[in-house]
Amino acid sequence: MGTGVGIGVIGAGVMGADHARLAAGHVRGGHLAAVADADQARARFVAEKYGAALAADAHALIADPEVDAVLVASPDATHAEYVTACLQAGKPVLCEKPMAPTAEAALQLVEAEAAAGRHLIRVGFMRRFDPAYQQMRDALAAGTLGAALLFHCAHRNASSASGFTAVNSVTGAAVHELDIVRWLFDTEVAAVTALQSLAKPGGMQRDPLMLIVETAGGVLVDIEVFVNCVYGYDIRAELVCTEGTMDLKRPAPSEIRHAGQQARAFPPDWRGRFEDAYRLQLNAWVANLGRKDAPGASAWDGYVASAVSAAGVRSLASGEREEVLLAPKPDFYA
Amino acid sequence: MGTGVGIGVIGAGVMGADHARLAAGHVRGGHLAAVADADQARARFVAEKYGAALAADAHALIADPEVDAVLVASPDATHAEYVTACLQAGKPVLCEKPMAPTAEAALQLVEAEAAAGRHLIRVGFMRRFDPAYQQMRDALAAGTLGAALLFHCAHRNASSASGFTAVNSVTGAAVHELDIVRWLFDTEVAAVTALQSLAKPGGMQRDPLMLIVETAGGVLVDIEVFVNCVYGYDIRAELVCTEGTMDLKRPAPSEIRHAGQQARAFPPDWRGRFEDAYRLQLNAWVANLGRKDAPGASAWDGYVASAVSAAGVRSLASGEREEVLLAPKPDFYA
Amino acid sequence: MGTGVGIGVIGAGVMGADHARLAAGHVRGGHLAAVADADQARARFVAEKYGAALAADAHALIADPEVDAVLVASPDATHAEYVTACLQAGKPVLCEKPMAPTAEAALQLVEAEAAAGRHLIRVGFMRRFDPAYQQMRDALAAGTLGAALLFHCAHRNASSASGFTAVNSVTGAAVHELDIVRWLFDTEVAAVTALQSLAKPGGMQRDPLMLIVETAGGVLVDIEVFVNCVYGYDIRAELVCTEGTMDLKRPAPSEIRHAGQQARAFPPDWRGRFEDAYRLQLNAWVANLGRKDAPGASAWDGYVASAVSAAGVRSLASGEREEVLLAPKPDFYA
Amino acid sequence: MGTGVGIGVIGAGVMGADHARLAAGHVRGGHLAAVADADQARARFVAEKYGAALAADAHALIADPEVDAVLVASPDATHAEYVTACLQAGKPVLCEKPMAPTAEAALQLVEAEAAAGRHLIRVGFMRRFDPAYQQMRDALAAGTLGAALLFHCAHRNASSASGFTAVNSVTGAAVHELDIVRWLFDTEVAAVTALQSLAKPGGMQRDPLMLIVETAGGVLVDIEVFVNCVYGYDIRAELVCTEGTMDLKRPAPSEIRHAGQQARAFPPDWRGRFEDAYRLQLNAWVANLGRKDAPGASAWDGYVASAVSAAGVRSLASGEREEVLLAPKPDFYA
């Protein structure tokens, strides 16, 4: 029982459990209605912890009349299926990236949404809600630093999961920067070139990667993706404009002076860095369900992110600059 | 209409409106039920904005059966009256500091609560929930920096309201640090000496102040209170321990390089600095209504903060070191 | 009159005057003996200021028996001529970069030095003496951060001289980073690709540039060169290793909190950033005259820097990746 | 053999050896002429290292005709004797602080210098030459931050020598800040109150100290002196003015990201922090020998520093605020 929008969360792993926590207590006008997971024990644990219903499975959750909107945080391979089911049920869905396993599959979702004629799909590119990136976008809009020229990015994880490959570095990690580039500069990505360090003495060989990203608007972007940087979770970015630059600064509430060093700690993973972004994303979603002009990433944005990532993946294979191939943008998203 | 704890907010000024915003959308297990303010138009504006009921006045709000818990953010002079009314109504109340205009009046509330036998009062010393102060307390508990020796603090506001005096600097500004000292070191304040710069060319003369605070546990504390520092809202603190020190770092999501400088902006007031603390305080309050061991400041803590402030105010007048005079602590708070 | 090595400085412009200042008072075992400049008035001013002889011209200075060693800081086009004259006179010479206008001309100096059989030429890549770069090199040697993988650099000047072109950005600005890469990683540069932002609304169009530098050892380097960044002189670099990274931090003795910002000032030009490096370079030069294993850049290093720059310049023209073409290294430098 | 001013260094310990190094190679218009030390082997080592003469003892060094100016860096107890000998020999002397063991003894040197009628004595308060303190003084002169109100200082050593007492903390450590206060604010110190943390679980008990310093001009100063802070050598200071503040920033050429932390190293002792200050002090001394208006601290400043320290020491004993007692300033220093 609750008020406002009943939110159903599919997926009760680390990511899903965190979404459930936020939906349960940190979203205005919404509440956590139900939880589903292929692992019923895991779903039950989260449902009970936050006082929500336990769904028999993802489809039952989508069908549940108490669920007004669906948040998909299950394994990547299942995203498209659940998003499709939400479209069929006519329920708004916020899907963790990637929306679909390929750009083609993502395009099918775009077409299905356009055919249905309702803006039901949002994709979880939460960085669009991060206060630091917001300040960059505000500075560009205000013109205080002049016009954007370059954008230097680094995306670092302490370690990657077993089986993680260079393809995953592009589609699962750098895709966040690729989306931010489109949002920050309000332009499309024209081409991607994947480069790599050849000096790695051991471990995952194509890590770190460097992606050189050319935008239609002319801003040149370089993205380091380093998913086994060992020292901590760290997202760096510097926006270079004609009259000044802006650096992201990560939250670090304190600094110690100890053992010969003045030091600030890194968070072990993304939760310590993007806590605010996830919360703000959830609130913006609930406050704008079904609106075409809702903040955050649309299905079209989800498709484009996949198409840009695909160019990066092709470049990994070819060793060459690869142009981004985009289907025509449906009028529905104009 | 809503679920969980119905929160009534008394006061719809800057502070009250911000509490209403948090109660409306950022508290798990609670919702904004009603708003009251001596200025009905202001109350109506906030109530409508967040979909809450408009109370005829503060006492009507306290009596409203939809209101399960009361948040007092009205002018200081009214706090004790509303807290008393909440005690009589048997409703939990979170009161902005100061709980009462004098230490004696605060003690009466303590005695009333103890007589009533229920832990209904909490006082809004929100810094106890600030992540940066929490890291200091965690470090002390973990012993990573050794034992605490000194604590250097600066409390700076860009400007003070008209009519603000050195007494207000102690009772309205430094009182936050005075409370944090007790909480951080789990000790009482023994004495306060107020010093001042004599170099001010104009403006409010006893600003900045320096308070030298001696604790029963031996930690020596200095607090600069500067309520017209001009440049921005800034809270600094360094905890000095036997093996290292820890500095508070304020949130600043980005840094620019522009016009010859590398710079981070200050927030204009406390909302940009303690946003998280207020939200966490509200959630902790709702999750622990009526519990003796709830986190945050109790009525007793509110009384002691007033008594310590009073020593500071006496020192302002006498120019001497003034000992803190405390009534015996009722068993109810043991 | 003076003790130790008599230093003659050719060039009394901004750079030469600063060298004269250092030679006159900040070098152990040496003193400023003479100054020459095509502009006699300028040379006289510097000579008198520091109590040195005024030479009739550069060649007279080189021939002066009081001059034991020559520092060339005259216009770039004259460097090779004066270096050649020093070789003929058998006098050690420290030449500002570039040693010669082309890689071919530089190679001729290398061959002339090798034929003469004495290590007389050093090139003024002063960053090799900068404490910050030294700490990077020390960390690599110590292995504390693991093995080097990537190196991100930015070279920014507030503004460039009239007539400065993208070719100058490579040969006059980025050449410092190109030399540091070789020195830091003890490897050769294999290829350079010049990229550029296409978003510049006005001004010098190929500014900023991005150089992608591939090293024989596998470390991948990106260098932003932005000679009209407006905001100040700023050199950034982050060394990315397998277990951690290291950032250069520029000297900034103080930080202010003023007008809503916490800020550190940039120096207007290189003197505020590399003061120590120039002084340490001069001392190391005087202490190691004629030694093959002297610290700093040799004639061979000066040639290679030119050859690497030439690849960058070719890439500017071709828009393609260009390999570095190097003559065989004479045994004399082995 | 050498040019310009022949410098004799008395004392070949850590401090004296460092002065010898600077005199040998980093001073314009001067050179290291001779070295003396009660420990002849130590003196010989330094003399040979820098190519200077070995003096039989301090008095022989002062008498040596090759020695034009004397730098005293011997044990504190010997300072007054050697300064007196320099006065008698008519030679300029730069004496490490303290100039004399007591304020009374310092006053005798002042009177002796005034009687001799030549400005021969300078005292080694090198912080007056530190670029960071210079920026503070410049900001005050320029008025960019408004008028000075408060000055917060911390003076921390990793560890103190055996036998070091709270008296030494005042006379040997805090004396640097006490001198800087006079120089920065161009005012005298009126009174000192010594406070202490009572929370130290073990070790040197009156460490850290807090000195509350009242100036005649009204600026209020607090100085933490912590000579066993364990973590490193650290000098902090924040100047608080009517419109802004300024913090000292220590030199730290690089920052690492490693093992979960973003960190900058502290130097183990003062040499890593005040290297520039010592060098600039030495150059300014040699360039202004015998001038009344030479930068740096005069004999009078050395006396006053002792007198202010003495007030601090009295306060340590009395536990009370102690006024500074100053002899009348001789016209010679007006």
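As written, the chain order gives the labels A, B, C and D, with residue 1 at the start of each chain.
By definition in this document, a residue touches a chain if its C-beta (ideal position, glycine included) is under 8 Å from a C-beta of that chain, and two chains touch if they have at least 3 such contacts.
Bear in mind that the values here come from a model prediction, so they are computed numbers and not experimental data.
Among the remaining chains, A is positioned farthest from chain D, on the basis of C-alpha centroids. Comparing chain pairs C-D and B-C by the number of C-beta pairs in contact, the larger count belongs to C-D. The distance from the centre of chain A to the centre of chain C, each centre being the mean of the chain's C-alpha atoms, comes to 44 Å.
Centre to centre, using the average C-alpha position, chain C and chain D are separated by 37 Å. Centre-to-centre separation between chain B and chain C, using Cα means, comes to 57 Å.
Along chain C, residues 231, 243-245, 252, 257-259, 264 each make contact with two or more other chains. Chain contact summary for the complex, chain A toward chain C: residues 146-150, 152, 154, 195-201, 203, 208, 210, 212, 214-215, 217-220, 222, 224, 226, 229-231, 238, 240, 242-245.
Considering their complex, residues 1-3, 24-29, 31, 130-132, 134-136, 139, 144-145, 243-249, 251-259, 264, 283 of chain C touch chain D.
Interface residues of chain D facing chain A in the complex, by the touch rule stated above, are 231-232, 234, 252, 257-266, 268.
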